[in-house]
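Just dropping this structure here.
Letters are used for the chains, namely A, B, C and D, taken in the order the chains are written, and counting of residues starts over at 1 for each.
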Amino acid sequence: MLDKNGIAKRIAKEIKDGYYVNLGIGIPTLVANYIPSGINIVLQSENGLLGMGPFPYDGEEDADLINAGKQTITTVPGSSIFDSAMSFGMIRSQKIDLTILGAMEVSENGDIANWKIPGKMVKGMGGAMDLVASAKNIIVAMQHINKAGESKLLPSCTLPLTGVRCIKKVVTELAVLDILPGGGFKLIERAPGVSVDFIRASTLGKLFSENSVPEMNLD
Amino acid sequence: MLDKNGIAKRIAKEIKDGYYVNLGIGIPTLVANYIPSGINIVLQSENGLLGMGPFPYDGEEDADLINAGKQTITTVPGSSIFDSAMSFGMIRSQKIDLTILGAMEVSENGDIANWKIPGKMVKGMGGAMDLVASAKNIIVAMQHINKAGESKLLPSCTLPLTGVRCIKKVVTELAVLDILPGGGFKLIERAPGVSVDFIRASTLGKLFSENSVPEMNLD
Amino acid sequence: MINKVVSNVKVAIQDIKDGDTLMLGGFGLCGIPENCIAALVEKGVMKLTCISNNAGVDDFGIGLMLQKRQVKKMISSYVGENAEFERQLLSGELEVDLIPQGTLATRCMAAGYGMPAIFTPAGVGTEVAEGKEVRNFNGKDYLMEYAFNADFAIVKAWKGDTAGNLIYRSTSRNFNPVMAMAGKVTIAEVEILVEVGELDPDHIHTPGVYVHRIFQGSNYEKRIEQKTLSVKS
Amino acid sequence: MINKVVSNVKVAIQDIKDGDTLMLGGFGLCGIPENCIAALVEKGVMKLTCISNNAGVDDFGIGLMLQKRQVKKMISSYVGENAEFERQLLSGELEVDLIPQGTLATRCMAAGYGMPAIFTPAGVGTEVAEGKEVRNFNGKDYLMEYAFNADFAIVKAWKGDTAGNLIYRSTSRNFNPVMAMAGKVTIAEVEILVEVGELDPDHIHTPGVYVHRIFQGSNYEKRIEQKTLSVKS
């Protein structure tokens, strides 16, 4: 079973040279720490930055330079700043190659819910609805099971949707799963030491798998 | 009867302190020479400039700095440069207080034709259609009579339209005329030495006038 | 050039009245018009509709206006990090319209660009789409969303000149330029106010034509919401 | 950062083929991609659809492509100052779609901003409106106009860096930024190509994400169409 950094590490393998990538808040942010060497990518932050760098050293933080999670950050050489309209313009026109975000629920047909729990939580969708409606390639990074022990991979979402039929891949502490074009989770890889049966028992949505499912390679 | 500079001089009196103004090609360009002193205005050029200044001195022209008529120009302190989308954005959102442009024909209900003579001339509308469809206040500067001796102030335009019901005022070598909200040209001022009868005979569209029509004051 | 300078923040906001709709620039606490918010709190103008990506934190930004119950309705994309906000929302004191962040930005831009409506795929198939026109272009569904209509846009820039030209610094730019274009009246507060001619025309983000009033702000706190640091190894 | 540099103009345009749709930046002869136009003429690619505000003059700019009959269709707002253009148009050799300048700019922007269509009042009630959807918002009629779909956008900037970030100079900016955003493939030629880190992130007009190929141009003529001067008194 993977920890958060393990999930981030596995997702980092999906990133190809030359990608522009938008990382959501939470586990997705950690992905930046595991970009393979020799791979040049650019991180977009939807508050208006291409070329996000690491967090600043103490004393070098700048209140005017934050990411979409409101964290102090730095820029890398070759970065550019733009306004919110252009930022979502480039998102809608699919200039961002890969979006990685968290979720509360994902359904077997690729729907995602991650912005609202009626009566309990009303933080808002931020840029998530724009991202999932526009991105060519969206990977969800999340726990397979919620704190109440229930599967987050469902036949259909029970929470208000963020987007429909948009998720292509889910990476959890247990597995890597593709969403099949016709619906259903296809088990691609198991986390080290996790059995197919355990993954099946943890997945409420339709699950397809080959006879033999490889373990993830995290090196 | 006024010459081109006279028309420009009369139109300049319509410009109020604090106006952003777009000047078309031809007579409208001359208006810039007659802005009353003590009046602060800003000239917009729709190719992407606010704060157009006079033509440059010889040797100081810059191929990268032109107006919408492709003439070499200068900028004044406080000018700003923007792209064509923003330029027409500010035109459509009515940030430009006054547009002055030429015309081939104006109709008594405020239609204007100035971009095409079927079978003869196909230069295109440039920014004129955007300007007339958007501007709050549009003044036409033109000759009352065309080269063939025909009135250019008509019951309805015979040439392809640039815009409908958009012109508020026409200044010609003979007169200043308002377009009435219900239709018709209202004679406001006569050019020095020009009679109401002569103006009436030169205007094919419906013409309204008071018993006494003042002469223009060009000082 | 046309001079847009007003003497201070009180003059700048003097005609904002109860029931007005305000756009307020900023993302989180970054690039917010601190001086105008403080003056609005002092003035005590009520029943405001605020269009702003976020609602500040409990004791800073728009949170200060929420504490004094000045806001009738918030139109935002993300309103976490604010307990008083959540209390007013759950008790029904505060109306909230949550909309996607790109939709928020583009509805501002639409107003500034004279476009009455725009199409976006954001929210198709979700509760955001309820009651909205859906239209298919090239096989993909889009929602039609309307341009905002705001009485005042209140923005914060880094530098500005007396003609109202604005330059923003780093990611404090965010919503400020699109809101500056969108207000019936646009009020800009700047950290540094200079004479015309001191800013490079090629590097102006908001041309002065969009700005009705500008003033030199003071005492910027520029609070950091999430101070995250790298550790020197 | 992702390196977008190609070695020269021939490599930059190598996959442009007969029948493609090209956007070409510039207003009149100001800010046109001189190097790319020369290379397209040399390459002799035919049956092009060109989206460009103007069509150059007889012996410069897109006029050079017209002389070699490389253009099947022009989509422009103003095409005066070009006798060969007029001859081809009147003889029926050249298709021409004349559209309002703001519509042209906004249809480019729409493509770059992922908006399938926009609304504009320009052309309502004129022959430009023929066959188009008219829609009334708040008592005013607007035409619905579609985003452009171009195989290549070819732009000219003043400075660029290896990551494809672009800065334009003065009014040579014009259509270049909106076209740069709109091409399926965007090719940028620049007068000065620098390393990443040499351009101020706050002053980049076109972020590199929109640019697929960049190269250092050479021998810019920058011809002036109307040299108008003030006389020293």
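Observations
Please note the rule applied: a residue touches a chain if its C-beta (ideal position, glycine included) is under 8 Å from a C-beta of that chain, and two chains touch if they have at least 3 such contacts.
As the structure is a prediction and not an experimental result, all values here were calculated from the model.
The fewest steps needed to get from chain A to chain D, moving only between touching chains, is 1. Looking at the partners of chain B and chain D together, the chains they share are C. With centres defined by CA atoms alone, the chain at the far end from chain B is A. Between B-C and A-C, more C-beta contact pairs join the chains of A-C.
Our note on geometry: chain C versus chain D, Cα centroid distance of 33 Å, whole angstroms. In this assembly, the C-alpha centroid of chain B lies 37 Å from the C-alpha centroid of chain C. Taking each chain's centre as the average of its CA atoms, chain A and chain C sit 28 Å apart. For the pair chain A and chain B, the distance between C-alpha centroids works out to 56 Å.
Looking at chain A, residues 49, 81-82, 85, 88-89, 91-92, 134 sit in touch with two or more other chains.
Residue positions 106, 113-115, 120-121, 168-170, 173, 201-202 of chain C are each in touch with at least two other chains. Viewed as a contact network, the protein chains fit none of the simple shapes, being neither a path, a ring, a star nor fully connected. Every pair of chains that touch is listed here: A-C, A-D, B-C, B-D, C-D.
Here chain A touches chain D in the complex through residues 18, 20, 40-42, 44, 49-51, 75-82, 85-86, 88-96, 134, going by the rule given at the top. Put simply, chain A touches chain C in their complex at residues 45-49, 54-58, 61-73, 81-85, 87-89, 91-92, 111, 116, 122-130, 133-134, 160-165. Interface of chain C with chain B (complex): residues 1-3, 111-115, 161-163, 165, 181, 195-197, 201-202, 204, 207-210. Against chain D, in their complex, chain C makes its touches with residues 106, 113-121, 137-138, 140, 142, 146, 167-170, 173, 201-203.
Residue ranges of chain D in contact with chain B, taken from their complex: 27-31, 53, 76-81, 86, 89-90, 96, 98-106, 108-109, 120-128, 158, 168-178, 205, 222-232.
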